[in-house]
């Protein structure tokens, strides 16, 4: 397949190498030309603009830094939009706003061009080893056409829907999960450290109990199934534990804003007579705050 | 070994079965006698009080609901404290406050009794299958004596320090990590759902990208090593992503308090000229807020 | 009236002077005797213990630092409890926990002694000028007996209920309001400063628009009356404004955690179809989270 | 003076009446013509577009709902920008984003038109009684020209700077202060209510102690002066009180997210060795998080 690629940062370059290694003919463009030239020998050609890349390809992948960069390489004067043939597909893999993704969908549709949002999870090294996970959304025929590319860079892909920006939402939700875990770990390590426990020791416990165990997977499934009764561990007991966490944190002078938020949500559950539910019902409460009604 | 066990809820009963199955002679007590009687045939004897259990054992494990229950079975009139021989060890496995654990340590020490805090991670089913993870703290000789019991119920144990309450801190920090993940998942699912993505689909992405990947383990190690430079993904880029998350959440009317907290911490990092650090430096910021200075 | 006074910090000393100036005979005790001696000439006598103060008085006021100090001067060996005559009244003016206040109520009741909780709002200078505001709770006859004392130190008093600890709750809620305003002002000043506005200028606006206007009084009355419809300013418009606040804060790198919390609560209101209510319905949402149902 | 006015909602109509009553000749436009016609007799003329209003006036005030409306009446095809003479002034009184205000400043400057941002605090009734407070920013000569208008609608005005968007920042910060107070009151009332105190009683205390007292004014001045030492009430004591607040809230099942945030900030201060500062230093901590260094 003739594949265009726009944006050769660490991730983009690694993806291009994997796509080329899979036997596709790749034409690239990068704002700083040197990074494109560095790929010579592996790729077919370095184009002079995103539009030129688009003219030469059936599928053009863009992987750039942010909304402004995506706008520039897509909607700008010599952008992808102005070179892509009707029926060809633009795959936007950048982490961008849902709003811009919706706008790109409109613009491409107006020109009968395909548009797929397909952000990826993983580091550049994962891209080089076909170990990314792709989250894709768009029209089914467009997704089918892109499948060989996803296969070239990833160990798997999840199709999340027909509206392209749904994939952007999932990517953002995923990055939020990482950031929330980092802040959570930060608070947990701080509590452990001020209790005299070494960082290495707490790290070992975290890895044994959480990182290498099916606990988070089990809870995610419980949430997806809305299986909050009978409880494995009640919200009431969870509230007690969070109270103890905050008590220990207070005594050791460890601010734990995430713990305070979680305690507040659990306390609200108790106040509303729902302390008997499994504490994973925190997800139900979050859904209700967002106006989502339980389906079960 | 002669093992006493006080507290036969779901977890306690499962632990007793595993300890007995490992060949130890077990004497038990439970507030509601019926649950103790149900174990007949597997155990040596049902005692009439925690003190009587203690008199019959080299090591007494207690596993009850909360601080009040631990006080009752330990410090109360016919509590463990009043039956345990000098040199014998009380292993407190309940999830209790650090303050009570410190008090128990003082009381046992005053009677030359050993005291170990050894809360566990895992559900009763895990206890029945020797799959708990034990977090233990206490004097090394006491921990050595308890090792066969930990071995009988768990797939492993981490010794976190000499002061028993250090284990309670770690248990609380661990339960906080679970609760924080539940709230985080709740917010992430809500955003996905209101973006039109099904719960099953988002669950699949979570499992593939997070639950079954080494990503959290990698970040925990980075935090333990305080390896924030060079950055794999900068706090500046993380701030951008959290801004996009909150923008999408705002447009879809999804309150995301955890995301708001994390965004705020990242923004503070930027304001203080630290946007170039890896976003896992959220842990460094949390530590600094707690008055912990970087060691590297 | 014969008045006893225990605790002569800045506030206690100022209160004693005002009580003595009103013509009452005052006997005092302070842990550090020097502060008591400094009042000679204004007071009747320096006693050797809180119990001795209590024996000499119809009403004993205590004003000390915290829960531990109140326990010491009340329940301790030579505490107020052990000197107070049946029928005499202990007025606890310290800012203490609701739990301890409830305990004091039980202990005094068991001895047929009166017990009133009467924390005050204001600084020591206000006490010296009879400008405190007293928040009192207890049995009506006990409150009646204390009225001359309240009159001696304050410009007014509010009787909040019969259960003494209700006054402690109100005092705590009041101090929370101050602290919340301080944090709010901190965030608002930071946004103004990073926008180039001087602190003096922003201070002037705050004083003109808020501190010297009836705006907060008006909103408090609206909340007490649960008058959320018709709206003066809708939650929907408020959400828009908070979005603009957070947008400006993000652009200027000003973390505003309070703004983030408020935005989240407003967003939840919108998601639940209540954007048409006056934005002061934030109070209704807070009440509902606490399990309080609207009365109107 | 010939004054143009665009936007005749409740606030706009009241302002027009006050401006006309002050003797100015007013030309108006409103999207829904009926509201403009309702002012006949008080005003000079109803124009057919914002541009036509602008052509007829030395100063044009716009007061519309949001960013989109301001863009429409200013930058749109028949917007103010296209009718305003060089040297004439556009006064934007709407509550809009800082970003849009900066854009308007650029657009007007490019046409040598004056641009002033002058949002107001107060309800429509205040506008009718010349009781608004105006917060204005722009070039001094432009502000001078607008002074008679500010005088016609308000009891006073604060000039906050030369860059127009500074006034928008201050308006947003002010609306944030209101919203934060509403949420704070909500949490405080909830705690009081669940403690058995009536809403009317708590309202009375709030009014006496806060709304009609100089307490907030005093704290704002302390913050503007960065006068955190010597402390009137230390951060350490404040932390104790917030701990008691959260303890009472926990016992009564009252989620108090604002209290949790404030407690966390105070705890961080303690952890960093600053518990001796006045608790209004919460503002210093907020400033530091935003990268603002103390000037004193």
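Details
Order of writing sets the chain letters: A, B, C and D. Residues in each chain are counted from 1.
Convention: a contact is a pair of C-beta atoms (placed from the backbone, for glycine too) under 8 Å apart; a residue touches a chain by one contact, two chains touch by 3 or more.
None of the values given here were measured: they were computed from a predicted structure.
Between subunit A and subunit B, the superposing rotation on Cα atoms measures out at 180°, rounded to the nearest 5.
Between the chain pairs A-C and A-D, more C-beta pairs are in contact across A-D. The chain with its Cα centroid farthest from the Cα centroid of subunit D is B. We define each chain's centre as the mean of its Cα atoms; on that basis subunit A and subunit B are separated by 29 Å. Here the spacing of subunit A and subunit C, counted between their Cα centres, is 47 Å.
Averaging Cα coordinates per chain places subunit A and subunit D 38 Å apart. Shown for subunit A are the residues in touch with two or more other chains, namely 253-257, 261, 265, 268, 271, 289-291.
Contacts between chains leave no pair untouched here, as each chain touches all the others.
Residues of subunit A that touch subunit B in their complex: 66, 95-99, 121, 123, 133, 135, 156, 158-161, 163, 165-166, 168-170, 172-197, 199-217, 219-221, 223-224, 226, 232, 238, 240-242, 244-245, 247-248, 251-259, 261-262, 265-266, 279-280, 282-287, 289-292. On subunit A, the positions that touch subunit C within their shared complex are 257, 268, 271-273, 289-291. Note for the complex: subunit D touches subunit A at residues 243, 246, 249-250, 253-257, 260-261, 263-265, 267-268, 270-271.
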